[in-house]
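Below, subunit A partners subunit B and then partners subunit C, in two separate complexes.
Up next is the complex of A and B:
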């Protein structure tokens, strides 16, 4: 599976030693792949709080309970919307495949119409629930879809970082380029700047904090600011449980309808 | 069957309550004002206030839901206090049981009812209410069996609930164009309208479904009553002059058997959908003078093909629907082939706080249509303002008959 792979079974100490040995030869693609494939456990459950902060300072809050599990060739994720009230009990399920040619399967359950609807996963550029994150921004964009170049190495917020510039192979993509600050050895993108199709600075993603949970580094607080709209989205992950044994039955139509 | 079902429901109530009484009850709901003005007369078409509550309580093994609502119609000064759903759930490893008043919704179609026939519709405001309000709850015992991604669902409905028609003085009361021309209006005899609440008059539905990476498929069948009453037309003819003196219309429900299915699959960038049902034993109105009651029994096919995709951030959904009557003759009032299409365009703006939507039905046979543009804005979380219009185009047909009822409306809704 794309994010977990065989690396999951390797201990953190061995992993760090291997990475340190090969770091001098790293390319931009290597760095981004290490971020993409950074182990996050076989399964995870957590509560996600999104704060959408408008230019006037108005705040809208979305709360989601989410579960994910790696099944080898497919990674399954299910999200249950807790608030606001008008979307409560809506659920969303995504099956993501390791075959690059196979698109994700996605379903949404809308309690108002009491139906599970299959939806197209084609729009990776769509914004997630009115936030400043697109589905690609949330980690679904495969490294092979861009060309990557290390443009410098620098200390950023006290961490030694690679600064990697990524340009899309598809010239019609919504970003003309992104620049990422990746912490050496930890493979967490500490900051990422996005430039729109015209090359103008569009938004910036900052990791506010990350935690080591059961040996895995998990980003628990991040912030995306759209500088053109002056709109910000904070994402806060709470109640994170890794490898707690999320049942395969969680990722079914039955659970989408039943809810939490 | 009714007594058995009632006893079983009571047992489930007692049993399930024992499981769940330690959990807190979640209370959600909404308050809504809905006001509309008719284009034709500049009069109010609707002024309605609704308060809708949902109580839920759930554990790993059981749950309950109750959804009472109160609605006040200010135009005719009527109030409605009712329960849309009240049911109990029991969850087992590979099975769920739901007993009580519930909405059961099947199929893949949007805004069209092909295999989605278990819960009848409330047509007192035609098909204009929100989809959750247009379907009526029915008392049923529903059992779901799960085998991996497959589900077998059986719903036993001991008491038949017909479609709710508009009152005869309502602006939504349909026009009956098939009645013979006589002086004055036809009289109605409602004495045979109700289906007796007996064991033998229950309905049974079953569905097999699978959700997979290739496609989502449903196969269903049902032994039911026709939700819409057949209109038996009795003609009173002068035996000497052979002139038509009067017409009495007697609505009656008849048994229907149906089998059908639906599917949806992704073929990037499209999600394609299909749904079909074969109905056996439907009574159609006929102008054949030799028929005693103006009805003829036929079978028909109702199917749909549709696709959803996104273009320039606009979510687009189109559907083509057709009905085909088998063993057709020219006396039948309905056409042998009747076609309809729907189109939905939707786009969100300002971080999904402003929504523009355009939904339309078009009836190929009568060249009539219903066009429903809306703009909605989320003032704050849960507080929504909607401005919209229902525009009926044509002068006859299912939509054209309401050409005087085109309206512009507003809805203000607060969800909590």
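Up next is the complex of A and C:
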């Protein structure tokens, strides 16, 4: 009991010390953690429009109805294709775990063969549905996997931002570094630049708009541009409902088969 | 003309100085503007539909030629050492600045679509080197079970594996190749490493051809100088004659630079043409002068020049203008380098004419007659060929008219038969020696894999999403089976291969599902699944974004045009069925472009030969005011052309850019010989009125000059027959052959025809 007490006092002291110096004493890791752990509600329903824009300017549009819920240690997500018509009701389920070491569980259901298949995904650097986003880019990457450093503070698009440079601890990772512009206080990454293994500028993620829904800041329109391939993905969220009560029974193979 | 002559005689020094100043100026322009164009794409007519489409498709599907690096292990590649080398070499290639990372494919980078027990996965064959027997065995089985990799990246006997590095055309250089070889060969032992592929063949060809030419041309020129001296037997004449050739070549290239026209590889044929044609005027003029001086040993410079001008200006101008017109006809070609070749060669020919008529007289005015041996007796003995030789030759020709006519008919018939066998070859590899490294490596890789060359077939529909339709995909799959049955075609690869693999994997890896699914939705969902789990960039190499264009790539074991055409004909058989589904078939890729390009060159060449033949007949008829003369005068040209193509057909020399252009020499030289000969014949005929004397004298005068001209050029170009580079050998032999037939045709059959026509002997009925 005594030990715990002492520990509490020490922790308290550190916390007070930090507070007294204000936010300017935040480390790069702190900033990234604040983004990673920014509350977005317990569950969410939304319609995702994914626009894939090729180098020739041709556009492919996919409409997806998606449901997600945070179960603490695991975040579950299920998605149903609305269009294009030939993939309608194709569904996809993803369970993402809190522990960085545990990889996601993924399933896909193809109505044409009426089968649910597990997709074994070894790598979070896989691209998400042919888009320019990897699973990591979508917010899955745990802050502990990189080392972070605030390189400057600047006003970006009218917001006061921390500019944080992150380098992977695993040298074989697909990015050699990323640079994020994080809005102070709101903890939204407004822009992020990605550099490939050889250190060349690869992609840029831009948050086009975010909304406050039920007190949570939700990014509803973002755009990722691969500058090397000149390929762009836009993600637009509509009909966003937060904490509307998504049932835990929603995330099953049976629901995948049932479709929308 | 007389005025010009008088002006030239008075102002020779000034004329030479002006020429010199212009030459220096052009030299300066050349130094500033001249540049070599080595990118083969620059040679193709950009607006030709076949090229426009191919370029479009190449961009859309990232079609590039591949360098292939094969690693051979004498037992099996499935051992830690070889797999490690494969991994490191793959990574090293990805790091080369000329190669993009994603353009390198090997077993190390390949993705394996697999499924078992309700899962589907797209994963690597290996990352860390498999060391245990068990892991090596499972890798081997994974490869054997995947048609998208087995026999494509690993040979059937599992002793060879291949790395394909696709590279942009303009990135290849000799330095890069040397670096690549050094890197690759550093991985040898116990493995053997082979490097081949289209970029290497093309690059090496351009390099070797130019290198060989650089070595051979000085020898050619030296031999020509030597023979020219033996013929002219005067240092002065030699120098002035060479000056004409050199100046006309310099001016031609100078004007190219002035108009900022780059030097293409066919432009190297310009000096070849100008040497062959440019020496002719000089030889004829000096030959005339010599004969004049022999008959009038006491003549003054003025008298000699007066006679020279009087007798020679007309044939020199006629031959040059007609030859220039012949080359101008090449402007009808669709290929810009050929257009420029025609334009600047005709300019060069006209320059040579101007220089012959100015530099030679000016030289005589300033530096006197050609040096002559004082002792008349020794001179006569030393004379290369005594006059009687030509008289006897003339008599011989007239004596054996029937035999000559008969042999001309036989040879022509044989040649026409041979012409039918002429085939076009756009192959680059066929230009190398069979025993050369480059051919042997290519053979090795073709023995073990699908092929070092690629033909791309592009299926195109107006309807978006068309290539999710099972029917058309089944047709494509059928075409693949048909093509792969051809013994020179290896693998083919298309969207169908992904679908077959996915279908099979989704059905517990059962072989019976290794086919195109029957439903459109299933196809769409498989493709979505692939996009979600694999690298969609791979997909965009076989299908476009809107799914209305599909790329079928076919590996071919040869770049020979015959093989390419056979494969295309297999595909063409399916055209009606494909078009019934509202899908069009196009072709793309460098091999196909080379094929179309060669066809274009030939088509243009044949059209221009026919066109220029008509022009020449008309021009000659106008000059000699007689249509019969025009026709007779074009006989040597026709014979030379027919024999040139006939020999190619009979001796299995394929037509290519260079060999096709050589036939232009027939025009230039044929005209020269015919005009000089007919002009002399006319003069002597009007002079003497005696046909036999006319023939003898013409033979002595023109026949001699023609023989000298032919000997000089033939001996010069025979040097190229000893080149190490086969295309240069073919060039040398064909130029020599054309010179010889032009000569022989003029002094035999054309002479006989002149005689038989009775022209210029109106009062005398002959036979």
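Throughout what follows, the second predicted complex is superposed on the first by the 236 of 260 C-alpha atoms of A that agree within 3 Å, B and C clash if a C-alpha of one lies under 4 Å from a C-alpha of the other, contacts with A are read in each partner's own complex, and residues count from 1 in each chain.
What we mean here is this: contacts are C-beta pairs under 8 Å (C-beta built on N, C-alpha and C of every residue); 3 or more make two chains touch, one makes a residue touch a chain.
Predicted, not measured: the structure shown is a model, and the values here were computed from it.
Novice: Put the two structures on top of each other at subunit A: do subunit B and subunit C fit, or clash?
Specialist: Verdict on subunit A: clash between subunit B and subunit C.
Novice: By the touch definition at the top of the document, which applies to A:254: first (subunit B), second (subunit C), both, or neither?
Specialist: First partner only.
Novice: More residues of subunit A in touch with subunit C or with subunit B?
Specialist: Counting contacted residues of subunit A, the larger count belongs to B.
Novice: Classify the contacts of A:56 with the two partner chains as first (subunit B alone), second (subunit C alone), both, or neither.
Specialist: It touches subunit C, and subunit B stays clear.
Novice: Tell me the contact category for A:92 with respect to subunit B and subunit C: first, second, both or neither.
Specialist: It touches subunit C, and subunit B stays clear.
Novice: Contact-wise, after the overlay, does A:108 reach subunit B, subunit C, both or neither (first, second, both, neither)?
Specialist: So A:108 only meets subunit C here.
Novice: Check each of 57-65, 111-119 or 417-425 in subunit C against subunit B and return the one that clashes.
Specialist: It is 111-119; the other listed stretches have no clashes.
Novice: On subunit A, which stretch or stretches are contacted by subunit B in one complex as well as by subunit C in the other?
Specialist: Shared contact residues on subunit A: 52, 54, 58, 60, 84, 86, 112-113, 115-122, 126-127, 129-130.
Novice: What does subunit B use to touch subunit A in their complex?
Specialist: That would be residues 28, 30, 58, 91, 96, 103, 105, 107-108, 130-132, 144, 146, 149, 151, 209, 211, 213, 216, 264-266, 268-271, 308-310, 313, 348, 351-353, 380-382, 384, 413, 415-416 of subunit B.
Novice: Provide the residue numbers of subunit A that touch subunit C in the complex, in ascending order.
Specialist: Touch residues, subunit A against subunit C: 52, 54, 56, 58, 60, 81, 84, 86-87, 90, 92, 108, 110-113, 115-122, 126-130, 198, 229.
Novice: Across the complex, what residues on subunit A touch subunit B?
Specialist: Residues 52, 54, 58, 60-61, 74, 83-86, 88, 95, 97, 102-103, 105, 107, 112-123, 126-127, 129-132, 231, 252-254, 258-260.
Novice: For subunit C, which residues are in contact with subunit A within the complex?
Specialist: 60, 95, 101, 115, 118-121, 123, 465, 468, 506-507, 517, 519-526, 528-529, 531-533, 535-537, 544-546
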